[in-house]
Amino acid sequence: MNDESTPRTMEAPSAYVRAVEERAPANVAPAGSKVGTFTDRRAALAETASGLLASRWLALGLAAVTLALPYLNSSTYVIQIAIDALIFIMLAVGLNIVVGYCGLLDLGYAAFFAIGAYVSGLLSTRYGWPLLATIPVVVAAAVIGGLVIGGPTLRLRSDYLAIVTLGFGEIIRITANNLDFTGGPNGLYGIPDFGAFGLRADVALYWITAVIVIVAVLFSSRLGRGRIGRAWRFVREDEDAAEAMGIHTYKVKFAAYIAGAIFGGIAGVLFAAHQTAISPPSFNFLWSALILMAVVLGGMGSVPGVVVGALVISLLPELLRGAENWRYLVFGLLLIVVMIFRPQGLLPSRTGEPRRRGRQSQGGRP
Amino acid sequence: MTINCRGTMAAAAVVLGLTLTACGDLTQDGSAGSDSGTIKLGMLAPLTGSSAAIGPYMKHGAQLAVDEINAAGGVDGRKLSLTVEDEACDPKTAAAGAAKLVSASIDISVGGYCSSATLPTLSIFGKTNIPMLIPAANSADLVAQKRNNVFLINGTGIQQAEAAAQFIKESGSKSVALIDDNTSYSADITKRTDKNLRADGVRVAEHQAVTAGESDYSGAVNAVLKAKADFVYWTGYYQEGGLLIKQLKAAGYRGRIMVADGSVDAKLIQIAGKHNAQGVFATMTQTPQTIPGGQAWVAKYKKKFGSEPGPYSTQAYDAVRVAAEAVKKAGTTDGQALTAALEKTDGFKIFSGPLKFTPEHTLSAGGFDILVVKDNGFVPNK
Amino acid sequence: MHHFIQLVVSGLFVGSFYALVALGYSMVYGIIKLLNFAHGDIYMLGAFAGFTVLSVGAGALGGGLIALIAIMIAAMAATGTFGVILERVAYRPLRSAPRLSVLITAVGASFALEYGIAVAFGPNPQVYQIGVTGGTLNIAGARITYAQLAMMAIAVLLMIALDTLVRKTRSGRAMRAIAQDPKACLLMGVNVDRVIARTFFIGSALAGAAGVMAGAYYGKIDFLMGFVIGLKAFTAAVIGGIGNLRGAVLGAVVLGLLESFAVAYLGSEWRDVFAFGFLILFLTVRPTGLLGERVTERV
Amino acid sequence: MSKVLLDVRNMSVSFGGVRAVDGLTFSVQEGEVLSVIGPNGAGKTSAFNCITGFYQPASGSVTFNGSDITGKRPAVIAASGIARTFQNLRLFGDLTVLDNVRAGMHVRIKQNSLDAMLHTPRYWRSEDAATDEAHRWLDFVGMHYDRTAQIRNLPYGEQRRVEIARALAREPRMLLLDEPAAGLNHTEKTQLLDLMRRIAALGTAVVLIEHDMGLVMEVSERIVVLSYGKEIADGPPAAIRSNPAVIEAYLGAEDQEAHAEAERIAAEAGTDGIAEAR
């Protein structure tokens, strides 16, 4: 990802800043005074709940449970659906960068998932590459895909993007279906995994997937809090104001789109390794819509929320095997209801300030 | 290295919505053949999704065979049991279903409907060496990996394509148009038919692929007319097949039309319109309705489930019987022994004829008939 | 040569379906800048509404064109009403919300409609028991059936009616005014809510009419039939210049013709790739569409 | 006096036939406090939008600090040292006060995506520096409320202050304030006056659009008067007060009303006057 424009240094306070410090008025606001906040109790409660979920201890605990799962239950079925769920989490946090952080509606996210799965599948089955070695190529392919589709459309108004990405998703799926090279409608099969390392193959894959996904969740959450993440939120909130602050909104949107593409592509590699056989129907619009559902339900822009949303969306059908049409009907109604009554999702992102580390504040607030 | 379950941590995992059943071995795949106790059969069938209608046909067919065998005392005194999981014609759902069956320690798989959904299950069953007798899915890709636990009970695209090419050649066609719906099953048949026809010196003037689920096929129809084809072979499903026949006739096409087994359904005639569908041919695996003496079986099925058998009822029924026969021969449910027994099977009677597997584990005898539409249904040709 | 004309005829025929759906898309977009994602599914709903009427009153209506028009009017009333309800329930509460929220709601509405119908009627396709039959006409070697001609005539009549409505009547003027400046309209005493509801009614009714026509002509309907045509109609609306009604019709005809030729020269399986690829290319080169004005985003 | 910072030459922009800005020429000196006044719809905000890149001027040139910025992207113009506020507040409503101010520092925060993902020392350094600086700017503007609160929950006057703090955090050479006193009470206006003087003392040029003549006359070193998109007067407050052309422009109000309405509708931009015309 390339951030916009060369940042000027902030290390040495400029003459400007010094001048400010000298002239700063003595009557500084009482730090943290709660005057003027009108948050009602319900919102405060929700914030506490999501605060709890966002706390690093709970995150660490969940990561530990995730890694320990094979010791708790290593049946083929549990490992199978746990890997499914992990891959879905990765997709959801990736889409969250695009939709949640940056506010761009992407309805063809499965396209990047497909690109990842097909590129790694092709290289490993046709050319005998080890799966791990395909990842850089997958990342490159996802970036190229993002450039091709984002380039023209990110300049346009936001709702064009929604439908163009949808079209793009269909283009990728249909192309994979039509070409002999990609195995046509049957797709590719016999895709290898990353290696067993003396373990049962599916357990080894589980641990590899778990590590990658945990790192991905961590990275996406940290990206959201850093400089680029703030820029994404500025663009989401008000593009004009962001521009007026010197933020090149087109490049920032591009960065979000490409970041999302990379997450999707890597998730595709994991999916190919997991399924061993991939075919076009796995990458249809329904799939893109389900990922979006996870993001919206969990809370756009909130990583803990999106993870919970992804778990619900991916595990619910397993628990309710056999109620497919009802499930989608409920999903559709839920999207409307959530948007009208709780647009921030189940676990909305916290608005609080991040904690500090490193040197303590010097001046400013007493 | 077997690790014990710990109650407290187990409780944490419930958060993930997983049911805890057993603590397996993390380093090896468990595949324990046995020579006593219940013989567990597992089946993946489409109970939801676009092909949801087929699931019950397969399930009932298999259940009928299980009940018959159990009523006759089982296999060497061992009873059969059948577990059915949904595959939804979706690869991910199918893989999860297969894993669920493996975790339920089934001995033999007798399911598999959509080819693209069955492909990812091969490695899951393969790891634990569970023999697969696939009753419906019939893409050549299923046996292309040469996994020795995979057997196809349904006639393959290869055989259907042979039967189709044979009939087209005998019909004296000068110029053939092949149309598929771009799904694996359908595209496989047209590709092979194309190859066979060319080998026989019949001219294939047009090869079209349409998108399933749409309404307007004028593009394909125009192409057929432009190519002046006198024989159209459609290998997709009845929904699109009906429309295609209707639009071909409306556009003035007067040649012959043939459809593959996916289109053999009374709804094809409804959608195409009765007058348009008359005389349309079909390639179809032998069904009880078309086999002499099959009526008794149909009556049995109807009595038990209160409905007519449908596509793949017989194949599912046969898959169970073949499985039971293999256990009987092998004397155990060990995967290797079962595979060996299946490969040696010769002359066991199933609906499509005496059973013998080719080295690729497909049926050696084709079992495809040519049917023709007469009034509101399909009847054997001639 | 006659093959060429044949392709033109097919393109025009498909284009007239696209046009009826694209009009509703464009109307709603023009007036409240909402991309009504569920619009394609209202087309599907129209087909099922007609199907229901047909199953209930099959005996009374008989067959033929008159029955078809009666069914069409019933279905148009049903889908129009549904469009109004959809706007009232799902979109109006979010009129001042961020655009993303409304788009997601529209996706949700699309899902709910599709699978609601799947639950109600079953996932398998339904067969329309009415059909328009008749002979074939020959124009310079190209065939066109009377059924096709009838369908195209109905489509053109509906479009002319709409054009007159928007250009000549009071409520049409109100629609155009709201598209210009909703705040000013509110101040001038225009009942904005009512006009928006009316827009939804008309747009949805047109889609419903197209749904019935598709059911009657093709004979088969299913719950996902609106998905692709919704995308195509949007593409057509963008090509013509979204928000511009004559543009929507022009875009639909252009798209129908392009597809017809693409199928002939690239093969049916590449049609959708071609259409969506063209959309992306078109947005790059001329995002305002053939007849569109400069797009300014209201902030 | 000193160096010319901003030089606008013959700038025009029109909407649907209405010339919102018509051959406008004026300049801003370094460190100067300049007011732009004129009747409603005289083209003040349109001129601001042209200078900051939100509108493309149809003709003319804008030079800032010696380089041509005509028709450049708003972000590029902002990065070259021009910050602005908006007539109707344009804050990032869902974000905290501090985050809003950090937006102004965005281009100066030395940190890349890798730093953010790995939480390198550089990340913490830059984040802490940004936070400290944000607090200092908020102190500077006298923002007295909870700085970790969502900005949309703050009273209007405080939001105004935060918007100015955000613009200042851009460390601009020139700050454009679009009607900063609108909606403020008397005490707040006095504080604003003080704030603008302190901003000017930092060496930042301040260009002010304002209707409150008392404030304008008090703070400005120079005043530019617009009418019908054209400059009709330019000079120190005392001269402007007695300029007959200015009095004429303000008194001949009947025509102006119509003109204002026409521009407003043509710009199609609600009350704010910024349409995304890019």
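Note that the chains take the letters A, B, C and D in the order they are written out, and that residue 1 is the start of every chain.
Everything below uses one rule, namely that a contact is a pair of C-beta atoms (placed from the backbone, for glycine too) under 8 Å apart; a residue touches a chain by one contact, two chains touch by 3 or more.
Composition by chain, UniProt nomenclature: A = Branched-chain amino acid ABC transporter permease; B = Branched chain amino acid ABC transporter substrate-binding protein; C = ABC transporter permease; D = ABC transporter ATP-binding protein.
Since we're looking at a predicted model, the values are computed, not measured.
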item	value
Contacts common to chain B and chain C (chain labels)	A
Busiest interface, counted in C-beta pairs	A-D
Chain at maximum distance from chain B, centres defined as averaged CA atoms	D
Centre-to-centre distance between chain D and chain C (centres being mean Cα positions), rounded to whole Å	46
Chain A and chain D: spacing of chain centres that average the CA atoms, whole Å	36
Whole-Å separation of chain centres (CA-atom averages), chain A against chain B	39
Between chain B and chain D, centroid-to-centroid distance (C-alpha), Å	71
Two or more partner chains touched - positions in chain C	123, 269, 272, 297, 299
Residues of chain B whose C-beta touches two or more other chains	49, 182, 209, 211
For chain A, residues contacting two or more additional chains	174, 177-178, 239-240, 325
Residues of chain A that touch chain B when the two form their complex	65, 68-82, 84-85, 174, 177-178, 183-187, 189-190, 198-203, 274-282, 311, 315-319, 321-325
Footprint of chain D on chain A - complex, ascending	1, 3-5, 7-11, 14, 16-17, 19-21, 23-25, 27-30, 32-39, 218-219, 222-223, 225-231, 233-234, 237-249, 255, 259, 351-354, 356-359, 361-365
Sites on chain C touched by chain A in the complex	33, 35, 37, 89-90, 93-94, 97-105, 107-116, 118-119, 123, 227, 231, 234-235, 238, 269-270, 272-273, 275-277, 279-280, 283-284, 287, 295, 297, 299
Touching residues (chain side chain B, partner chain A) in the complex	3, 5-6, 9-10, 12-13, 15-29, 47-49, 85-86, 88-93, 95-97, 99-100, 102-104, 115-116, 119-120, 122-124, 127-128, 139, 141, 144-145, 182-188, 209, 211
Chain C - residues contacting chain B, complex	3, 6-7, 10, 13-14, 17, 123-125, 127, 131, 136, 143, 145, 147, 214, 217-220, 222, 224-225, 228, 259-260, 263-264, 267-269, 271-272
